[in-house]
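Labels A, B, C and D are assigned to the chains in the order they are written; within every chain, residues are numbered from 1.
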Amino acid sequence: MLILELYIFVLAGFVGFMVITKVPPLLHTPLMSATNAISGISLVGSMVAAGARHGTVATTLGFVAVVCATTNIVGGFLITDRMLKMFKRKEAPVATEAKH
Amino acid sequence: MLILELYIFVLAGFVGFMVITKVPPLLHTPLMSATNAISGISLVGSMVAAGARHGTVATTLGFVAVVCATTNIVGGFLITDRMLKMFKRKEAPVATEAKH
Amino acid sequence: MRDTITQFSYLVASVFFILGLRSLTHPDKARRGMQLAAVGMLIALCGTLINHQILDYKWIAAGLVLGTLIGYPLGMWVPTTALPQRIAMSLSFGALAATLVGIAEYYTAFHGGEGTIAPARMAAIGFEVLLGSLTVTGSMMAFGKLQEILPGQPITYRGQNAVNALLFAGAMGLLITCIVNPAYAPAFYGMIAIAAALGVLMVIPIGGADMPVVVALLNSYCGLAAAATGFALGNSILIICGALDGASGFLLSILMSKAMNRSFANVLFGAFGGGDAPAAVSSGGQLPVRSISVEDAAIQLAYAARVIVIPGYGMAVAQAQHAVRELAELIEKRGGEVKYAIHPVAGRMPGHMNVLLAESNVPYDKLYDMDEINGEFPQTDVALVIGANDVVNPAARSDPSSPIYGMPILDADKAKHCIVLKRGMAAGFAGIENALFHAPSTSMLFGDAKASLVKLVSEVKAA
Amino acid sequence: MRDTITQFSYLVASVFFILGLRSLTHPDKARRGMQLAAVGMLIALCGTLINHQILDYKWIAAGLVLGTLIGYPLGMWVPTTALPQRIAMSLSFGALAATLVGIAEYYTAFHGGEGTIAPARMAAIGFEVLLGSLTVTGSMMAFGKLQEILPGQPITYRGQNAVNALLFAGAMGLLITCIVNPAYAPAFYGMIAIAAALGVLMVIPIGGADMPVVVALLNSYCGLAAAATGFALGNSILIICGALDGASGFLLSILMSKAMNRSFANVLFGAFGGGDAPAAVSSGGQLPVRSISVEDAAIQLAYAARVIVIPGYGMAVAQAQHAVRELAELIEKRGGEVKYAIHPVAGRMPGHMNVLLAESNVPYDKLYDMDEINGEFPQTDVALVIGANDVVNPAARSDPSSPIYGMPILDADKAKHCIVLKRGMAAGFAGIENALFHAPSTSMLFGDAKASLVKLVSEVKAA
């Protein structure tokens, strides 16, 4: 069990390393906000804590956690998209989009 | 358990894909023999089959498997190394090696 | 059954996340890719909602609603110039979430739970809350300094590093105590408190302008905290996202310190980069400075065949990006060629200038990285430096005694003429003199970048 | 405890394997990297040897010794010209190992084992033996064709694909039967038999020269089989290596069919590429052919300022790589410049020419990929085509009716002069006429490539 998770961690590290090194400086700011948004995944943990009826303390902690994580997800993806929308080629953005 | 292995498979697939796409045509033949050598890892399975005292049949099958896998490992790594040894820069190979 | 669905939703989500980050290798694909990632997030959430451990949805619902209400403005209304502090803030949110989940885990284990925690799991939870709380306070400090609520100068005192080292050792000791005897709550909560304190004390001695490096580093800590959460909950998607996050933060902080030609150690313990203030007064005066009138500058630009714009932190402060584009387009209409030279650490975070210029609709194929464009300066008629300072400081090339010596710079001094827009003779974040401003080929156009640019535009129109 | 050690050894090994493959991105790092991978393999083996399931070491020891004895010559003595069949052979070994392990798993489960197999595990074992046995026979066929033990021509009969489809369906049916009722041995062994037959029948209709694509594809099957083994044994390192293997094989086969401008389907079911034989007789004759004497060719080369060598499969057949280098060095000594143009599918496997030339000590920075060098032919005095045919066939550019139309080629016909070394007017593997051989700027130097080159060398020396 634990060892398998260790495998996953190591492999994911490799993937992360290889993916990130390919991101051009042009997009480093969106990258930062993107990873921020993705880090909001801790929401899945928070939700369990908030919904598992483990008593007031756990629920409260969970609730706050849910709020924080959701904030990151919503805010993060929105701002990333807002930034990426702004990057345009010389040709009309439509043309650029059409390419893909 | 199974699901974790699925994660590992998927992530390893990503890693493989990203690593292999970076290999230049120059080294595609060594790449083929290298993957061949690495595929010899099935030896770890074969050894268990050959050594687990599960009766003659299993042992025999395991034994043959061990032979095949070992052949690939030994042959594969040797031939890969032999090939890679041959790729040289214009400068004396020593210089090139020294770089790393 | 349900569990399997959850697990698969997580697997799919992880793949989408990876594909999303992968898409950031090209601006054309990036948007689609990140939308895919957002879909992945949605899938993961739905997958979690069916989790049988969840018995009560009202608090979850409430949290989701409230979070959305807070997140929306943070996403849509924060100006691009405030991005660094924005990121620092959301970092503290993320870390807080991880920490609280860890605490909840620990708490429930001893209140109605199994009554104990296995060493491995305890270690995971320990790292989770340790890194988490450290990141929470640390990134709040960073936010404060970037938002200039807190003083930008490094605050230092004797034996500072010793104190931090001691605290760190203490935290580690408590962590081990927890692993050995999880039931001993004081150790657990004490560890959290110390880590929180450590977060503050570690950031205090770091100058405001170095915050981006700190933020990136904290980002990777936050990632590791998330990964630890994953280990604690046996949740693979958290492990994967944590690893991705960690890698990204780590690589970016490396990249920044490299581009500033400073070691991690120097950034973290160097008490360097106190913002503009300290050196601001000292500098200037002695050496000759050729100031230029808007009219003359406009003439030069109007008749220049090749212009390279060098934006810096000042452009962000002045929010001058739109005015810059206007001016550039005017020059192009008159047949001049305009390129933008982007230094890797211009501004206050990686890619800062790119975002600002993209915002003002400058096509990204006009933005050139330092290495691409440095060769072109000798053939350039006018290098227009807009609120940049350190990234064009020749001392980095010539003067071994300079704190930024060795940092690669944009060779604005090699252009035929160089016009510098800034408010006064104040130093940049490195707080050092800039010989460029005193060079014979350089003329200074003093004043707020935006104001000057607006004037330039009208003058060039007239010319 | 022991188990944890084993597991960690596997983790370390996996990392080393990945780093090893990663190192293949640059020839300078490659060797070190693969040595690291070999170390990783050793670690994994040691980690396995301490596995508590292993009670009896003598058969393992015997297997290791015997395997080494067979492997060593296969590693050290196989000539580089025989690499394709070498790889096909070791592929069948690998697949055989996987298959046998799978069978052993199944057998022991019902002889002294649990007496049943859980569906998931059974599915894994099923795929393992299915893909495994298919790969065994398939790659043996490929070996036979490449070694020319078997006829290179595609063997076809009516309803072939229908038969294969039927067999495939049958195998799948049996697989499902096994999953539903694992105890029913006939289904299991029947499935293996069918898969083996399928392997043969699938390769029969494929021409000898297409074998490399088949081999690459089988390589990815073999990888998947290994991954399945991993799932069956719950062994992560097998899963990881399987995935790496699968990805590599798949990407290479894609790359080859792309470079041949043919779809997978066409390669697998097209019954195409019957080797030189079929068209060999038909072609030649009608059109004028300018043959040249060794002396004249030597003069041309001796006084050429720019020469581009285009090696092809014929160089491999003639083992002419050393003679080529000699000639090239002579020309260079006389002040001429010599480059090598490597077509992505020159020869019979990816990178075939690179290895041969590397073997004869040609520095790899003199080898140019097609796209890099194609622009230089017009300024080239002599294009020296050595046993290449299809890869320089202008029909690929000009003649839409040609089977290779659209395949990117080396523009030898655009050079000022073109000297072609081949034995006769036989066609290449695509079995089609080559207008280049009839072009006015082309002169043919007939004879075995090596023989001709040796003569050329002595002549150039004399010149």
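Some observations on this one:
Criterion: a residue touches a chain if its C-beta (ideal position, glycine included) is under 8 Å from a C-beta of that chain, and two chains touch if they have at least 3 such contacts.
Quick caveat: nothing in here was measured; it's all calculated off a predicted structure.
When you average the Cα atoms of each chain and compare centres, the chain farthest from subunit D turns out to be C.
Work out the mean CA point of subunit B and of subunit C, and you get 41 Å between them. Separating the centre of subunit B from that of subunit D, both taken as means of CA atoms, is a distance of 16 Å. Residue positions of subunit C touching 2 or more other chains, listed in rising order: 18, 236, 240. Shown for subunit B are the residues that touch two or more other chains, namely 1, 4-5, 7-8, 11-12, 14-15, 19. Pairs of chains meeting the touch criterion: A-B, A-C, A-D, B-C, B-D. Listing the residues of subunit C that touch subunit B in their complex gives 4, 7-8, 11, 14-15, 18, 236, 240. Across the complex, subunit D meets subunit B through its residues 10, 13, 17-18, 20-22, 24-25, 27-32, 34-35, 37-38, 41, 44-45, 47-49, 51, 53-57, 59-60, 62-64, 66-68, 70-72, 74-76, 78, 80, 83, 86-87, 90-91, 93-94, 96-98, 100-101, 103-105, 107-108, 111-113, 120, 216, 219, 222-223, 226-227, 229-231, 233-249, 251-252, 255, 342, 344, 349-352, 354-355, 358-359, 361, 363-367, 369.
Contact residues of subunit B toward subunit A in the complex are 1, 4-5, 7-8, 11-12, 14-15, 18-19.
Partner subunit C is touched in their complex by these residues of subunit A: 1-2, 5, 8-9, 12-13, 15-17, 19-55, 57-59, 61-90, 96-97, 99-100. Those residues of subunit B that touch subunit C in the shared complex are 3-4, 6-7, 10-11, 14.
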